[in-house]
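One chain, chain A, appears in both complexes that follow, with chain B as partner in the first and chain C in the second.
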Partner chain A sequence: MSTVTFRVFRGDRNGGELKDYTIEVQEGMVVLDAIHQIQAEQAPDLACRWNCKAGKCGSCGAEVNGKPTLMCMTRLDTLDTSKPVTVRPMKTFPVIRDLATDVKWNYEANKKIKPFTPAPNTDWIMFQEDVDRVQEFRKCIECFLCQNVCHVLREHDEKTGFIGPRLLVRTASLEMHPLDVENRLDMLKNEGGIGYCNITKCCTEVCPEHIHITDNAIIPLKERVVDEYYDPILGFFRRLFGSKKQTQAPSSGQAADD
Partner chain B sequence: MSTKPVTGIESRKTDRQDAWWIEPLFTVLSLGLFGLYAFWVALNRQHYEYGPYLSPFYSIPLPGVHAKDLDWLAISPAFLVLWIPLGFRATCYYYRKAYYRAFFWDPPACAVPELRKAYKGERAFPFVLNNLHRYFWYLSVPVVAFLWYDAIKAFFFEDGFGIGVGSLIMLGNVILLSYYTFSCHAWRHLAGGCLNCMSKHKTRYTLWQRISRINESHGFWGVVSMLSVWFTDVYIRLCSMGTITDIRLF
Partner chain C sequence: MESYTIHDYDVLVIGAGGAGLRAAIAAIEQGARVGVVTKSLLGKAHTVMAEGGMAAAMGNVRPEDNWKVHFRDTLKGGGMLNNWKMVMNYTKEAPDRVRELERWGAVFDRTPDGRINQRNFGGHSYPRLAHVGDRTGLELIRTLQDHAVKMGIHAHMETTIYRLLTDAGRVVGALGFNRQTGEFLVFRAKAVVLATGGLGRIYQITSNSWECTGDGFSLASMVGADLIDMEFIQFHPTGMVWPPSVMGILVTEGVRGEGGVLKNSEGKRFMFDNVPERYKGEFAETEEEAERWLQGDRNARRPPELLTRDVVARAIRKEVNEGRGSPHGGVYLDIASRRPADYIKKKLPSMYHQFMKLGNLDITKEPMEVGPTCHYVMGGVRVDPDTQATNVPGLYAAGEVAGGLHGANRLGGNSLSDLVVFGRRAGMAAAEYAAKQSGSYQVDEAQVRAYIAEALQPFNNPQGENPFALMKELRATMQKNAGIMREEGELKAQLEILANLKKRAWNTSVSGSRAYNPGWHTALDIRLMVEISEAVVLAALARKESRGGHARLDYPDPDPTFAKINHIIRRSSDGTLTVVAEPLPEMPEELRKIAEAKDLKELSDKVGA
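Here is the complex of A and B:
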């Protein structure tokens, strides 16, 4: 048993401060345990969001020693506890209180993505090789750590023209779906702002589900956008023979579940 | 219990305690030194050949054209080939990550603040041109094919077939360059990634799966193939200058 100091952000969207709490820690503890112990022993009003303590609900995202991570999956023995351990809320979203942030923007931005649209009278037979790629994307637990770390949102606050890596992953899961006939390339290029992404891969580095966000979702989508808008030779042939891709599929106009 | 106010200055620095700066530093040093070396080699116009060995910097991707036949050119014949690998690497998804982080600090490392506020990403000139990566891939395939031709030629000495250390270095170099070229993201897309229904395209699906496997290490192939190009040139140059002697193994 040893003592560790945690430097925890206390405050709200108007500002706040880092407060030091020193607690006794046990072997096998994770940062979320430490936060709960601080709540129990020293600061009952310390706000944090959590649910499963198993890295599956995606609620407990925070920044531990400057690194975006799930508090419930960050063991203390992976940190240097000889110095105070800093715990801050996710920087990209407005703080509600202490470690809890308001991630509502993600659900608003999600509405830009047209829902799953099968062709009329679809034959619902799919083969495993058709859905392998999409299944990787379905592992997402919506922790929004990738949105938090993405410099386009974090540093440049581009929340109007860019949907962020999580929603690019969701778009990829629809665009690559073997039974979907909708075309989301125009959205990706324009209001989705895929061109803002400079594939610097921070989203992939922080994803707790180890989804290959850039290699398997964003870059393949960028290549599809190139097919449609930036490849002069393909464009020439498309004008000659007409686009294979459907540009206007029937849409319910609302962001339904994929 | 002590308190520490959150100041504006604090938000401009990172709480990260690890050595996040090592990766951008490595990129700046390796790309910077390689760039300077490549430029010097191109201007130098000598010692690019030794016996059957030819430096990759002077491998002209035109049938029947050898760099030494182009001595009359005002510019170095190396520039006739270098713009292709330069364009391929400059628009490559791995190198884009590396130089955006290391040279532009967009961002220097994850969750580390940037230096500048204005940012357009790949939506505007010049970086919008990175969307033309696939064209550089098309051009790189013949360059690699000619390097294979050079590597095979490196096994045929004046006295017939043989194996020298230089032959193996040239072979190793072209293998690494092939891994790099054929693990490209644009090629992965063209080969099968653009399809939605893989079950209807079995051959392309198999090809896509193979490319995907080596694509996972695309950055690794990018770095080692760059080092091997440098090393191959250094070896041939030193042999040609008489500084070292090529060893014939067979």
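Here is the complex of A and C:
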């Protein structure tokens, strides 16, 4: 057992400050355990969002020593605990209180994406190799950490013209579904703002589900948009032969599911 | 005076896990105005944690499978205490509900010929679980969430229901508050569907998320709804035991379904010695036979690691108690020596990451240490097997909060399909009931004011107790006195502890503002948790036998007289709970034959009947 100091943001949308809490820690503890211990012993009104404490629900995103991460999956022994550990809320979203942020925007922006639309009269036969890449995207736990780090949202606050990496991943999961027939390229080009993304890959780096957001989702979608709007002949043929699903292989050789 | 806003709905659904979302979709389809209340954000409910899969006798992998075999397996696993009609409705409809999810966008793992793949699980005679790696619950909830959004669902996120509201014996809505702001909300509704999930948080070691505080059971019981079989609580055999802070986190049964084996500190596969009488002859008797089964030999019987959860959990307890446990008080679960690393990573990716991250352990190289963790409650609000209606008009329940389907023990994989089968039924029935309600129904203003005052009381009680400390005490004592192994003396002691905690639950103190205040939320949670804990302990005291998820040290065997009864836990007008034994509903002869079939081939010959 040893003691560690946590420097935790306390405040709301009008601002706040970092406050120090020193607690006794045990082997194997994660940051979320520390926050809970602070709640139980020192600051019962310290707000944080969590559900599963197992990295499955995506509720507990925060910035630990400046790094966006799931608090429940960040072990203290991976941090330098000789100095205070700073815990702040995700910066891109307005603070409700302390570590809990208002992520409602993501749910609203999601409504821009047209829902799953299966081909009529399909026999629902799909092969594993055809669904592998869609399954990669469907691993998303909606932690919004990628939204949090994307500079388009974080620095430029472009929340009207851009849906962000999470929702690009969701669009990819629909566009690349072997049986979906809806067309979302117009949305991607316009309200979706895929052009804002300049492939910095910051989103991919923070994804706790290790989804290859840029290589497997965004870049192929960008290519489709380009083909559709800037290469009208290819776009014409694609519409003619209805082969929107088959023309692209994943653009990177990386495993689709790790 | 404290203000509140009013929302009017035909159907109010409390809870947005699998059952709640499916109920909401069904009610919207019937044309009802539907509101959904969830304590969390949309898509975060405990359903996301379900790993292994959803059971449905689709017969995609073994054509011999059908609803009858599933019916038989479910009743057998449930110690025959299940409500037979619920089991029938469930096993017949589950395949349609799985296919429906696929039509709404779910992408299940595939068979080589391109259909929905199905995997083996404890207690299921055939590979029956539609799955997506080890994140099936996430797939289910995301699909329902997307579909509900498409249907125009109205969700009140991060909103807690404090009490149900009644008028002349009918449920007419609920009082709640927005967790983000602390503002109170009154929901006026013609019908209410409870889909609040389970109660794992009344125990110290649990796989359940913070939401599983048993709200629905208490809310229902407080307005006079009967509960059934609350003594039956499932301790999942394999939870993480190390490090301490992750104790209880689930290790999917899929590990054993994929060939993982349980060993004690002597390296022995102890499950071979723990096959109960009723399962004799159905499981492999040698490691060699189990090995052949794993290789796909259809004449070999399945390994005993795939016995039902109650049996495996107790066997693990026994190994540990008799000194053959692992260093941290569990046993070993070994998949590393059974399957190649790539296969493990492909089939069990979340487990691989979970142990890597939280336990510093590579499951493709080393065995895991596992032990029992509180996972599920079979009992719940008593409902009609067709409509999910409770005995209180206007109140419905579906999913884990409803009792009856699983009897004394739930088979793995039978929960996810339960959610969608009965969520749909509840939503349809609630919408139908709501459509028939004409005339006025009243929300009692004075009752609302009184509830708001009592909910705010901890802010005006500076000398009260720390709610977190109280919560810890409740969970530790329930674990010790009403946990996996029970005994009369301890249960009685727990009743006294609960009587004391009940008083103290009304004397807590919280500070700060009402916006997103976990201390306050905890103070209110405890009030409901002590109520439901009492129901569990009373039912456990009354059942003087061991069966399924209820194990008594003082009555270690099943008792034929108890084989014929369910326990109804009823609240009288003065607020006290009583346990009433009721005979099981009579099962028609034809179904009894199916349930008692010894030879599976008998059932499979009549496919399609």
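Criterion: the second predicted complex is superposed on the first by the 230 of 258 C-alpha atoms of A that agree within 3 Å, B and C clash if a C-alpha of one lies under 4 Å from a C-alpha of the other, contacts with A are read in each partner's own complex, and residues count from 1 in each chain.
The working rule: a contact is a pair of C-beta atoms (placed from the backbone, for glycine too) under 8 Å apart; a residue touches a chain by one contact, two chains touch by 3 or more.
What you see is a predicted model, and the numbers here were worked out from it, not measured in a lab.
Taken together through their common chain A, the two structures put chain B and chain C side by side without a clash.
Of the two partner chains, chain B is the only one that A:224 touches; chain C does not reach it. Contacts of A:83 after superposition on the shared chain: chain B is touched, whereas chain C is not.
When both complexes are overlaid on chain A, the residue A:7 reaches chain B alone and has no touch with chain C.
Once the two complexes are laid over each other on the shared chain, residue contacts for A:15 go to chain B alone; chain C is not touched. In the overlay built on the shared chain, the residue A:116 is in contact with chain C alone; chain B does not reach it.
When the two complexes are overlaid on their common chain A, residue A:177 makes contact with chain B and with chain C alike. Touch criterion met: A:124 reaches chain C, while chain B stays clear of it.
Nearest C-alpha atoms belonging to chain B and chain C sit 10 Å apart in the superposition, given in whole angstrom.
127, 177 are the residues of chain A that lie in the contact sets of both chain B and chain C, per the superposition on chain A.
Against chain C, the residues of chain A that register as touching in their complex are 12, 26-30, 33, 39-41, 44-59, 73, 75, 96-98, 100, 102-104, 107, 110-111, 115-116, 118, 124-128, 131, 134-135, 138-139, 141-142, 174, 177, 257-258. Against chain A, the residues of chain B that register as touching in their complex are 1-6, 11, 14-17, 93, 96-97, 100-101, 106-107, 110-114, 117, 119-123, 127-128, 131-134, 185-186, 188-189, 193-194, 196-199, 205, 215-216. Chain contact summary for the complex, chain C toward chain A: residues 40-46, 48-49, 99, 102-105, 107, 109-110, 112-115, 132-133, 135, 137-139, 142, 146-147, 149-150, 157, 180, 209-211, 242-246, 249-250, 345-346, 349-350, 353-354, 357-359, 466-469, 472, 510-513, 515-520, 522.
Chain A makes touch with chain B in their complex at residues 7, 9, 11, 15-21, 42, 63, 65-68, 80, 83, 86, 88, 91, 127, 129-130, 132, 149, 151-152, 154-156, 158, 175-178, 180, 193, 195-202, 205-206, 212, 214-215, 219-220, 222-227, 230-231.
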